[in-house]
Structure formats: C-alpha cells, structure tokens
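Right, I'll just put the structure down here and ask away after.
Labels run A, B, C, D, E and F following the written order; every chain starts at residue 1.
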Amino acid sequence: MDMHAKKKIEIIIEAPALNGVLAILDRLQATGYTVLPALAGSGRHGPWDEAGQVTSAGRMVAVLCILDATRLDATLEAVSAYLANRIAIVAVSDVQVIRGAHF
Amino acid sequence: MGALDLAVGNLLSPVVLFFALGVGAALARSDLSFPEAVAKALAIYLMMAIGLKGGVEVSRQGLQPQLIWTVLAGAALSFLIPALAYGVLRLISRLGAVDAAAVAAHYGSISAVTFAAALDALSRAGLGSEGYMVAVAAVMETPAIMAALLIARRAAPEAATGSVGHLLREAGLNGSVVVLVGSFVVGWIAGPAGVKPIAPLFVDLFRGLLCLFLLDMGLVAGRGLSRARRFLTAPLILFGIGMPLISAAIATAIALGLGLSTGGAMLFITLAASASYIAAPAAMRIALPQAEPAIYLTLSLGVTFPFNLAIGLPLYLLLARSVSP
Amino acid sequence: MGALDLAVGNLLSPVVLFFALGVGAALARSDLSFPEAVAKALAIYLMMAIGLKGGVEVSRQGLQPQLIWTVLAGAALSFLIPALAYGVLRLISRLGAVDAAAVAAHYGSISAVTFAAALDALSRAGLGSEGYMVAVAAVMETPAIMAALLIARRAAPEAATGSVGHLLREAGLNGSVVVLVGSFVVGWIAGPAGVKPIAPLFVDLFRGLLCLFLLDMGLVAGRGLSRARRFLTAPLILFGIGMPLISAAIATAIALGLGLSTGGAMLFITLAASASYIAAPAAMRIALPQAEPAIYLTLSLGVTFPFNLAIGLPLYLLLARSVSP
Amino acid sequence: MGALDLAVGNLLSPVVLFFALGVGAALARSDLSFPEAVAKALAIYLMMAIGLKGGVEVSRQGLQPQLIWTVLAGAALSFLIPALAYGVLRLISRLGAVDAAAVAAHYGSISAVTFAAALDALSRAGLGSEGYMVAVAAVMETPAIMAALLIARRAAPEAATGSVGHLLREAGLNGSVVVLVGSFVVGWIAGPAGVKPIAPLFVDLFRGLLCLFLLDMGLVAGRGLSRARRFLTAPLILFGIGMPLISAAIATAIALGLGLSTGGAMLFITLAASASYIAAPAAMRIALPQAEPAIYLTLSLGVTFPFNLAIGLPLYLLLARSVSP
Amino acid sequence: MDMHAKKKIEIIIEAPALNGVLAILDRLQATGYTVLPALAGSGRHGPWDEAGQVTSAGRMVAVLCILDATRLDATLEAVSAYLANRIAIVAVSDVQVIRGAHF
Amino acid sequence: MDMHAKKKIEIIIEAPALNGVLAILDRLQATGYTVLPALAGSGRHGPWDEAGQVTSAGRMVAVLCILDATRLDATLEAVSAYLANRIAIVAVSDVQVIRGAHF
C-alpha cells in the first residue's frame, strides 16, 4: 500500500469558538477538516456535560485536521493566536495516509 | 386572589413542581438526563409558540400606539440595566471587571423561558396581554450584550475581542431572536384563521411542553449548582436575587408610564427581571472569552431563574396589578 | 368481551401493530431507525404521563388502605421472583451462575413500557385502576436487582463488584424511577385541576406516542434478535415465555388477597410478569460485568416483551377478571 | 376560489411562511439550526401520519378498482420520468452522463414532504382524496432509482457500482418506504375506530408538526443554496422549475384517464412533479458514487421543493380541478 | 504495564458508504471497530453540516479500527479498493494497547 | 511553535462503566479528559448500535485523556484494574501539544 506521512491536528475547543477556528482553517486553505461532537469532559475549568443543554456556551467539540507537515507550523501559529484566552487544547500526531493526493 | 393565594398557587403549579423535580434529581445525583437534541428542539418550539401567539394577538388587536413606546423603553432598559448591574457587582462582590461585565450582560438581556412561564402564570390567572410584548422581548435580547461589551472595553481594553459590529450581527441573528421574531411575523400574517389548524401543537400543548422543558432546566440548573458551588459567594447570590428586584422596580415605574394592561405590565416587568441563558452566554464566550462561564451560567440559571420562577412571577403580577388601570 | 375477542382486539390494536412493524422492518434489514435522543425523550415522556396519571387518581381517590399492602406485596414479589427465576434457569438451561443471576434480576424488576401498554389495553376495555399502582411499579424496580446481586455473591463471590449499598443508591436514583415517582408526586400535589392544562400533552397524546415508542422498541428488539440469535437456546426461549406466566400466576393469587379492582389486578399481574429493560440492564453492567449482556437484553426485549404485549396482556386481563370483586 | 386567491392563500399559509423563515435565516447566516435527531424523528412521524391517514381512508372506502391502475400508472411514471429528465438535462445543461442520471433519479422518485404539504393544501381547500394515494406514493419511490441506474450503466458502464438486485432491495427497504407502507397497513387493519385513540397525535398535530419540519427544511435548503451556489447554473435552475411542470402535465393527462377525484388527481400530479430528497440521494451515493451530491441535493431541495411548495401546489390543484369529474 | 504495538486505522467516510466499509471489515474478520459520529466538515467537495439533515447522503462518519500490523496491508487494500470513487479519507497511526489478547 | 511531548490515552468503554473510569481519572487528578460518543461498533461480544436505544447497557463511549508521560503508568494501572471484567479497549499514542502548561 502506498502511504504518505502527514500530520494530524486535534483541537478540543469550546463550541462558541468553533466558527472562529474553522474560519482560520478556511483562510489558510486547509485541504479539509472534520468536526466531532463531545459528550462531557473535565479540565481546569471544572467538569461539563452536554446533557439537556440549550446553550452551547459550556460545551466542547473536537476538530480533526490532517495536513502536510509543511503547513503545520503556519496553521498552529494562526490557531494558537486565536485560542489565546479561549478554552481549548491542541494536540499534534503523526499519521500515514493513503490516497495522498487528497491532502 | 390575594398575594398568598397567588404565591402558593404558583408554587404548586406543575411548571414549578417539575422544575423542582429536576433540581432535586440533579442534586441527588440521579442519572436522569434529557437528550441535548430534544432540549434544543423544545427551546425552538417554545419560541415559535410564543412568537405565534404574540403575532396572532397583534393581527387581532391591530397596531396599538403604545407598541412603539414599549419597544423603545424595552431596548433602553436592556441597554441600561447592565451598567447598573455592573456597578452593583463591582460594589458588593469581588468579581473582576471582565467577569462583572459578562454577568451584567445576562441581566440586561432576557430569558425566553421565564417569559414563557409568565405566560403560563397569566393563563392560570385568566389574564390576557398585549401581543406585541413578544416583539419587546426580541428587542431586549441584544442591547445588553452591546452595553456589556462597551463596559468591558473601557474597563479592560485588552479583554474584549472582535468588533462591536460583528458581535451585533451575531447576536441579532442568534437563533432564538430569529425564531421569536420570525414566528411573530408568521402569526401576524397568517392571523387567527391561518394559525387555527396549527393551534393543537402551538397552543394546546404549550403548557405541557413547558413542563417538559422545565424538568430539563431543573436538571441542568441542579447539575450546575452542584458543580459550580465554589463560584457562588454570598454577595453573588445576593446579587442574583436582588438584581431582578431592582430591575422589576424600575420596569414597574415604566409600565405605569406606558399604561400597559395588567398582563402586559407583568410581562414587561418579568422581561426586565429575567436573566438570559441562551443568547448572552454564547455571545460572552465569543466577545469576552476571559470571563469565567461558570459564574454567569450558574448565577443566571441556578439562582435568578429559580427565584423568578418560584417567587418572582407572583410578585411581578402583584406589581403589575398595582400600576395597571 | 370473550377471551377470543380480547385477544384479537389486542393483536389488531395500533400499539401491537406498530411493534410488529418495527420487528418486521428490523428482521428484513431495513435501514429504518429512530434517533437515540428521541427514543430516550419518549421514554421520559411515558414515565411522566404514567406518573401524573397515577398521582391525579390518588389525589382524587384519597389514600386507600390497600395501598400499603399492595406496595409491600409488590416489593416482596420483586425481591422473591429472582430466586425463583434463578432456580428455574439453573434447572432448565446451561447458563452459568452469574448469567443466570443477571437474567433473574430482569424478571423480578418491571418494564414501564409493558405497564404503559397495559394502561392502553385497560383504556380499550374501558376499565379504570387504582392510581397508586404507579407507586407499586416504582417500588418494584429495585428489589430484584438487590436480590440478584445477593444470589450472585453466594454462587460466584468473585464476580460481583461494588458494594450493595452503592448499587442500591444507583438503582434507586435511576432516571426512570425518579421520573416515575417524581411525576406521581407532582400529579398528586397538583390534582385534577392543576394537571388539566397539561392534559393535552400527557393524556391526549399518550396512546399515539406509545405507538411511536413501540415502533422503536420493535426495531431495537428485531435488531437484537437477528444479532443475538445464537444466545437464544430453546430452554431460554421457554424461560422467556414460561417465567412471565409463573409470575403472573403468583401475582394473581396475591391480587385476590389484596382485593384489587379488575384494572388494578391486571396492572399488578402485568408488573410481576414483565421483565425490565431500562433499569436492570444498566445495573447489571455495573454490578455483574461478567454476565453477557446479549443474553438478558435479548431475552427481556426480544422474547418476553413481545410475548407480554401480544398474548400476555389479554391473558392477564382475564386472570384479573377472575379474581376481582 | 379563483386562481389568484388560491396562490395567495397558499403563500400566506403557515407552512409556506415557516419554510421561508428557514430559508431566510440560513441565507442571513443565522446560527439557528434543528437537531438532526429531531428532524429525523419528524420525518418518521410525517410518514406515519400520512400512511395511517391513507390506510384509514381505504378501510372506510373499501378497495376501489382504480387503485390498481393508479398504482401501475404511478410506477410507470416513476420509471419513465428519469429517461425524460436525463434527455432534457443532457440537452440543456453541461452535466456529464453520471451526474445527469443521478439528478434524473430524483425527479422520477417522489418527495414525501411535498406530498404532506399537498395534503395540507387540500385540507385548506376542504377537499378529500383517495386513501390509496399513499400506496401510490410508496410505489413511486423506487422505480426511478432503478431507471437512473440503468441509464448510467448504458452511458458510463464503469461508473455504476453494485448489482441492480442489491440496490432494488436497499431502496425497497429504505426506512421511508417501510414506514409509509407499514403505517398504511396499520391504518387499514385498525380502521377508523382503532386509529381514533391515536388521532390526537397523528391527525390533530399533523399540520403543526409539518410547520416545524418545514422550518427545518428551509434552514437546510437555505444552507445548501448558499454553499452550492456555484453548481446552480442557469440551465439547471431552469430544469429544476421546468421539469416538475413537464411531469405535472403528463400526470394531469393520466389523472384524467384514471378518473381520479380532484383531491386524488392533485396528489397524483404532485407526486409526479416532486423530487425526492430522502430515498434517492442515499441510493445515488451507493449506486453512483461519482455523481456530485451537491448538484442533486441543491437542485431537489433548493430549487424544486420551494417551487413546488410556493407555486406548484396551487397550480396542481387548478390542473386537478380541470380534469376531475 | 504490559503494552503491545498495534496499528490504528481511522476512516472518515460518507455515511451511505459506511455499511460497505463495515462489511469489508467483517469479511476480513477484523477483531473490532467503532463508529464515531461527525458534526460537520469541509473538503474538496465543499463544507457539510449534519444540522437538521434528514438524509444521510451528505454527511460523514468516522470508523476506528485497531488491529495487528500483520493485518494492516490486507485491510487497507480491501478498503481502498472499495473507496475508489467514494468520498473518504484514511489515516493510519501507531498505538500501544493494553490487554493485547483482545486484538 | 513550542511543542511538548505528551501521551494520549483512548479508552473505548461500555457506557454504564463510564462513571467508574472518570472517577478514577478524577481521583488520580488527571488534568483533563473528554468523552466522545460512539454510534456503533463490533467486537468479540458481537455488533452493537445506538439507534433507538433507551438503555445505555449495550453501547460504548470513548474517553480521551492527554497527560504527561510521567503519569501514564499509574493511570493505566488504575484504569486496567477497574476494567478487569468489563467491555473495553485501551490504546496509547504519542502526541505533541502546544500550551504545555495545561497538562
């Protein structure tokens, strides 16, 4: 199988700030991203839980973005500037993709 | 009905009892919980029902001259209450400028569920109200958010992010505002005859679905209270109960000037006294990310909402009676 | 109505037909499915409606002396049926001690949906019932879980995890118990007049929403059956049909002693004969993790529930008639 | 009612107004959105309500001889419209063979929501219809999908995946088909008396819940339009409006031959003119993965559905009047 | 802690093709897999969003499959053949699992 | 970009046991965790599916916990003791985080 080394960014971010993050990814012309829901969690701001919430103020979502290593730094730079005061964590890992032309 | 009858009747209404059930279940750490999707849909339903009801009333009553004054008074109140709230908070609590401004936004803005509960209380008392109060409610959602942002910019220029214009657009297009105003217009256009075929859903089920929603609100409020207890200092709890009373007093005076009916005055006072829990929290996360969300969420939903629901509503009805013709 | 009329009338009721539609669709591998969030909300709604109905009845009828005896008898039945069920299972099937205890818990506990379907069947037959049967239902949810845990501790000491006290707390605060009991109390306090404004939701829509829920249950049961067929040995299927009959026979004798009305006796027999599918499965995953969940889920929802729905309910009504004054 | 009255009455009906509200909110980029779980449950509800209604009618009217001819005519139309649509698309647009075949499938198949809106329009006009039109609707869902696949196989043999038999099975067991047919049968078996206890949900709430669903459809359509604008070339928009008119004309002629009532003819024409948005898109993703989904989704939901809702329905009623006895 | 090196495959795939992918994993007797929902995303086909959707045609889900390295190639081969024309991305990464007997 | 090497634990666990796992993470004072929903899956216990389920007995959720390598062993030890008889899988991988002070 033909594999290509890429980077995967995972951003766990409070829901109201999601559009801000996605706008940055769009502006940097990231080839793609996917948003996953989260149910509950805990951190320095205490625990949260989506059950029964009407407002999205207190809840988190996860953004997954696979991209080429050459674009990693610029993306992290832009994202972390936006995240400055916000509730969010960002993790990067190595992945191998098939169909590398997609990224 | 005397004051005591009113108060007891309110406490024993299913709406209040189901809210209490939710709070109790959450504090007892029951695993009972409402699916988020259903809670969100119920919130949309309630806005539609409120909006339609108001629109149909307006199409029935025609446009009354007070409308314009009441809308303007509502907008002004929403814009000014935050300054007052901010002052009180800085005086009596230890909240920093940014946290205080964020909390203040919630008390200037309004809570659609409290409005819905007020409509339920009016039904129980057999009272009608001016249909355009829905428009007043919609108009009061946003100015407080702007006011709080301006306060924060002054007090802590580095904390506020984004432009006011951008935020104004976001808050004005907030889903709850759009559904409320949109359904109001639909009700107005369609009129009583057009709305009749959909009345079984939007009229007959209103009070039952409100109970469902309040059970959920109780669960969320209870969970919030048990998690964020440490944020609830005595001065903040005092604020959460005292601020609605201050706003209610001001609104009562204005209602007298506007010459509203008893029902209309009661809704106007309730709007002023209620604290937002859908539009304002989301706007604050965007505009003032440094403010601690647990503070404003817990204060608004865990202290002020239960207070308004259990004690405020009958009180506001008494106030409204005292000033209406 | 004769026995045959009853049986046919039951089979042709929308509630049973929609369940059959669900099972058929799942077995035919249709992609039809209900969103989980809506299924959970429907379950909460059904508990609220049942609870309110019972509470309003009690506020109307006052507290009857049988209440206390019926509640005690229900709790005792729930605690004792698991021992019987465990014995039967170990005798006729090859289930190990832990699996047998976990299955036994389900048959001692009760199914709120079966209870709801029984209320629907009583409506069709034009019969009322004692309001406090809801309290009996709530009381019967938990003892069976404790009993099964005690059995498992004896038979396989290493398999049971957690303390009995902790589990008792969890099971007693299970969402379904809390909503049932809470709504019962709300209905009792609010009374017929207080509940009237919410009756369009909780009374008028009850039978329609039950159909929706049973379509979903049919889909889930059908999917379970086609996936877990290998667990359903002949002795287990026999148990899934025979055990409700045994429990029903015992409950019939007790109902005679309690002097319940026809409707009340029918509900009591149904509770005894029904197998849990919300509270018990979750409790067993926590308390007896080694037990294979596919066995108890499939047996309870895939065998016993359809049997009770299609054949059991009219039978239990006949039994109830035979022992009521 | 004259043509103009009809058209205006339709445009001012809550159903159309709520759809417009949804489109407007989405185009203005409001954050208003419906939870997916609730939208899916509403879709299931609408199918159940439509199916039950049809089944009850059939149980009331008995099986009419036209039934068989109408069902056959519907199936034939569904199978033949795609060939016509494909021809038109290839002639006037630049779509490739695979995209054109995929779009064509949608116009041969039917839209259950458009059918529901047509029932609402008939209610407003005080007209009944043949109950078996529900069976016709169910029968028309699938043939178009097969036809489109055969067309694609001819034009681009490498593009079509999977066997026709497999796809036929999938499409025939599509959730919407199963619920529609199943509820039709339930209504038929249970009859008016059996369905009466569930009428508060499935009859009284139908028009209100349709409004809720159309608000959601408006939001989805509006979002689709603003995202996929680039796919909507002038020829495609022309197709999205012209094709329903062509299909409606053909169906009008057939309705004349079948001797349907005004209501039945209107429903038959609406089915022909409507474009699928649940069954066909999913089938096309499986059978013709190379086809761009944004094209058929946007055309069907963003152009043809609003056209049918706002302008088509009163027009089809006029056509139906002109050919019915 | 006793750890075992395994491979994790993540497949982000359009919902209508999910059953096709799962059928392949079942056929290859993968020891297990888990499907996660996605809320929204963007890629070469433009943005999508699950909000209010009735049809699953336009939305994505994520499949997670942890398996032994020895089975990776056969699995990727089969999956990528099925994905040929479909909307999907596939990423592989290294993980360490406990309770290795499960895989 | 300033990056810090951390460990990511992913636990796929049956829903009724979720609170047990989270209690352990809380007790060990994990700096944070996030719970993600799962839709469906398959394993040695056969396939499952959340569609239409009222009980949470048969379904899984995923717990994501990013933590410092120094705390990995203690956490895995405690978690795996709790998981002994339960339906669950646990995978660990390497990630790089920004804003390392959060972990």
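One rule holds in what follows: a contact is a pair of C-beta atoms (placed from the backbone, for glycine too) under 8 Å apart; a residue touches a chain by one contact, two chains touch by 3 or more.
By chain, with names taken from UniProt: B, C, D = Sodium-dependent bicarbonate transport family permease.
Predicted model, so just to flag it, every value in this text is computed and none were measured.
Visitor: Spelling it out: a chain qualifies if it touches subunit A and also touches subunit E; which chains qualify?
Guide: F
Visitor: To get from subunit C to subunit F along touching chains, fewest steps?
Guide: Minimum number of steps from subunit C to subunit F: 1.
Visitor: Regarding the subunit A and subunit F pair, does the interface count as same (over half of residue numbers shared) or different (under half shared)?
Guide: Under half of the interface numbering overlaps between copies: different.
Visitor: Based only on mean CA positions, could you tell me how far subunit D sits from subunit F in angstrom?
Guide: Centre-to-centre distance between subunit D and subunit F: 45 Å.
Visitor: Could you state the distance in Å from the CA-based centre of subunit B to that of subunit D?
Guide: That gives a centre separation of 40 Å.
Visitor: Among the residues of subunit B, which are close enough to touch at least two other chains?
Guide: Touching at least two other chains: 33-38, 40, 200, 205.
Visitor: Subunit E: which residues touch two or more other chains?
Guide: Residue numbers touching two or more other chains: 36-37, 93-94.
Visitor: Can you identify all of the chain pairs that touch?
Guide: A-B, A-E, A-F, B-C, B-D, C-D, C-F, D-E, E-F
Visitor: Would you pull the subunit F residues touching subunit C in the complex into a rising list?
Guide: Those in contact with subunit C are residues 14, 16-17, 20, 45-47, 49-58, 85-87.
Visitor: Using the touch rule from the top, collect the residues of subunit C that touch subunit F in their complex.
Guide: The contact residues of subunit C facing subunit F are 33-36, 39-40, 43, 159, 161, 216-217, 219-220, 223, 227-228, 277-278, 281-282, 284-286, 289-290, 292-294, 297.
Visitor: Taking the touch rule as given, give the residues of subunit B at its contact with subunit C in the complex, in rising order.
Guide: Where subunit B meets subunit C, its residues are 12-14, 17-18, 21, 24-25, 28-38, 120, 123-124, 200, 204-205, 207-209, 211-212, 215.
Visitor: What part of subunit D is in contact with subunit C in the complex they form?
Guide: 35-38, 40-41, 44-45, 48, 170, 173-175, 178-179, 182-183, 185-186, 189-190, 194-195, 197-202, 205
Visitor: Name, in rising order, each residue of subunit F that touches subunit E in their complex.
Guide: 10, 12, 36-44, 60, 62, 72-73, 76-77, 80, 83, 89-94
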